[in-house]
Amino acid sequence: MRRLVAPAVNGVLLIISILTVLPLVWMLAVSLMSPGEASRFPPPLWPSRATLANYRELFTQAGLGRYFLNSVLLTAGVTLSSLLFNVAAGYAFAKLRFAGRDRIFKLLLGALVIPSQVAMIPLFLLLRNLGLVNTYGGIIVPALASIFGIFVVRQYALTIPDDMLEAARIDGASEFRIFRSIVVPVLRPIAITLAVFTSLAAWNDFMWPLIVLNDMDLYTLPVALASLSREHVQDNELMMAGAVLTTFPVLLVFLALQRYYIRGLTLGSVKE
Amino acid sequence: MKGAGAAWCFVAPALVIIGLFFIVPVVAALALSLTDFDIYALADRGNLRLVGLRNYVQLLQTPLFWKALGNTLYFVVVGVPLSIGVSFGTALLLHSRVTRFQAAFRTALFAPVVTTLVAVAVIWRYLLHPHYGLLNYGLSRLGLPPVDWLGDPSWAMPAIILLAVWKNFGYNMVIFLVGLQSIPEPLYEAARIDGASAWQQFLHITLPTLVPIVTMVNILTIAGYFQLFAEPYVMTQGGPLQSTVSVLYFMYEEGFKWWNLGSASAVAFLLFVLIFGVTAVQLRVSRWQGVA
Amino acid sequence: MGREGEVVAALMPEFERLNPGIRVKVQQLPWTAAHEKLLTAFAGDVTPDICQLGNTWVPELVALDALEPLDRYAASSPIVDAADYFAGIWDTNRIGGRLYGVPWYVDTRLVFYRRDLLSDAGFSAPPRSWPQWTQMLAAIERRSPPDRHAILLPLNEVEPLLALALQQDEPLLRDDGRWGNFRSAGFHRALAFYLEMFQRGWAPVVADAAISNVWNEFGRGRFVFYVSGPWTIGELQRRLPADQQQSWTTAPLPGPDGPGASIAGGSSLVLFRASRHQAAAWRLVEFLSQPTVQRQFHALTGDLPPRRASWQDPQLAADAHARAFREQLERAKPAPQVPEWERIAAEMRLVAERAVRTGLSVDEAARELDARTDRILEKRRWILTRRDGG
């Protein structure tokens, strides 16, 4: 009986893993099929003759290159700019003293409970008055700072030894100098973690870009894909190619930077 | 620059952003929900009326609102235990001493979490096709009749639950895994030496460590599941027969399709109150149990 | 939107060649999202210069004061000649005595049918009235294999029910669009006729999600009748094999006791008030309204031109399938022109779907629809009362 445990456990894990990954693999397979090939019973698992025609059509007819670029630019914009805001604030909440620091932080934590959709409608009206609707700014500006980001950075920053900072202050360094030379290098791992989180969330964001971006030229990949899928209900192979283009970049980023992502997940959840 | 002044320089930008683009809109949403702001008011401010709690009263009398609430509760009540159960189970499997290639399995099981929901919904819409979908094909191989997943009002929500569980279980699985890994091995050694069985080890070592994690995961997952929106939007447009209209989908249609912004803001607030209430109850219960 | 969006881009180089200095950027929207996108654009102050607008949406955007009145443009235009357009269609663009849109193409719904399968069931001509239609549907259902239905009425479309309802004498809304009028005997009749098709099993209970490809299924003989619009001509001609092209054709929509009315649909070209390029946008309207360009457009999309001059095109005049549409257009009736119409139509669809799937009675459904409509129109009543009283 003992000897069966290992193959049983591994076997079950293998089956579950295959079932989990199957939709993604199938997405890739169908994207390489010729139009109409997938609408058969029984459904085919592999293209009879792999073709890149769907991808070609996406880039030439549907203009997916533009949407890809938008997604890249917006994700980079949001990630880089928010990194600055969140790291600075997170460090300050952890290590700098100012009036009402803890009370403000508690309030921010409380605000985490509020679903972001509550703010959506007035935010839209506000952005319209600022002239930011239908622009990159409408996506980037509200995302410049996030409570979750500040929280995560603060958690990590709490571990910076106070004496290191005190010593620098005694030496006469300004807070900015300390931040730049001491704190930022120490916070690098959490910054990378936050960057991974933020970029994944920004790339995958759907509801807000759907509302704010009206001009087709500005659509990000998820919005463009949703729009295409409603219009091209019949063209499954084409849709799968679009899905591949939308998911593979994030999958690759994740595979490369797994370590940081996992660390970030557990930071607030598990007490080390 | 030193002292508190410098500190403010660090936090002010972030606080301004959060204040202006989150807190203010939330407060404004409350105000908006007390008016009948709609497309007429958008054109001419004179068409705006302050209606107090009338939006809320009317919502509570709208059958579709209750249906949306029921659908969302169905999703939460069935989806959350299922998702957490699968996460927990797979975490246990991954953590087992006999597991090989843990990293590879973990990556495979986690992959759906990072994928774009819209893309995944497109894939699943096709997997669930009554004639040409892989799922029904699999059912037919098992000798079961095909199911019209997205066309049958009774099966559409289960289909969405299936999608949600598939997409999210990896997230909590990793959290559980790290929790399991944080239990020092010597504890188990000592228990084994004392003659404890595997089940007893689980009950007295593993479980107590994990309960606070499970509670927290539970709270976060429930709060997240209440915010169901993208799956109905891409896969079913709320149908068939509005069986997949969630509260947020309802809000989206009220607000961005019909432009009854006053009513939509009221929906958003009711959702917030609901999530807040459920979370508060959970926290109270867990504190009472001496856990959190 | 839709196919028109794809095709109009092909016509732009010619326009730009004739009007150097004007560049056109075409933005396409899927029909399912177009309405909400347009309103979002309005709410966000980012409307386009010129837009294709389903004519049922014109009253809504006029109520929002979003559209530019076109009377002075049309009056001085040599190309846009009001008298040449089908009257019912032209009128859908006149709100409160002013012109807000120029019809671009017309759209109505009528019957597509497989005449080979119909004659197999013993009928050599399409139905002209409801009793005849009922007779044919029953006969077809009796003689058909289990995977064939007599008629396809997708539950995600409101147009078939709407067309049947418009055939009645009673209007759908009463008192200048202040209240619903679904309690009328006429609507009861239309709804009963519609529901009967599902109750008798003549129509399958499906929305479009289950139908992978309507036109191919029509070609495979999965259903004999299909209520649809002009674009289906183009799709069937493109997607079905050449030897099948003789097996299908069109016929006007049967009415309660003879050929009946249908929806006066279609799209108009409108200019937005906020636009800063109105003169250039009007040039584009004129370009697209020229009979030669309209014929080109028809050839590419199958959409039907809204003016008689364009119908004189020999190819269009000879088109057997289009002939039924020409006949139907003379009997086209518009939907009620209230801004809330889009929402009311959505409720019509939902209540009808509920009645089909859960077996509501005609009375219950009509009462429910009236209740919902009255609620939707509450703000309109308030605004009209204020306008008249205060």
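Lettered A, B and C in written order, each chain numbered from 1.
The criterion applied here is as follows: contacts are C-beta pairs under 8 Å (C-beta built on N, C-alpha and C of every residue); 3 or more make two chains touch, one makes a residue touch a chain.
Worth saying up front: this structure is predicted, and the values here are computed from it rather than measured.
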Chain of greatest Cα-centre distance to chain A: C
Top-ranked pair of chains - ranking by C-beta pairs in contact: A-B
Computed distance of Cα centres, chain C from chain A, in Å: 42
Cα-centroid distance, chain A relative to chain B, in whole angstrom: 16
Chain C, residues touching no fewer than two other chains: 32, 40, 43, 212
Residues within chain A bordering two or more other chains: 39, 125, 211
Where chain B touches two or more other chains, by residue: 125, 131-132, 256
Chain A residues within the chain C interface of the complex: 39, 124-125, 127-128, 131, 133-134, 211-212, 214-217, 227-228, 230-231, 233-234
Residues of chain B touching chain C in the complex: 36, 38-40, 42-44, 47, 49, 125, 129-132, 148, 150-151, 153, 236-237, 239-242, 256-259
Chain C to chain A touching residues, read off their complex: 2, 27-33, 37, 40-41, 43-46, 208, 212-213
Residues of chain B touching chain A in the complex: 1-4, 6-11, 13-15, 17-18, 20-26, 28-29, 32, 90, 93-94, 96, 98-100, 105, 107-112, 114-120, 122-127, 131-134, 137, 140, 166, 170-171, 174-175, 178-179, 182, 213, 216-217, 223, 226-227, 229-230, 233-234, 248, 251-252, 255-256, 261, 264-265, 268-269, 271-272, 275-276, 279
Chain C - residues contacting chain B, complex: 32, 35-36, 39-40, 42-43, 60, 63-66, 155-156, 206-207, 209-210, 212, 339, 343, 350, 353-354, 357-358, 379, 382-383
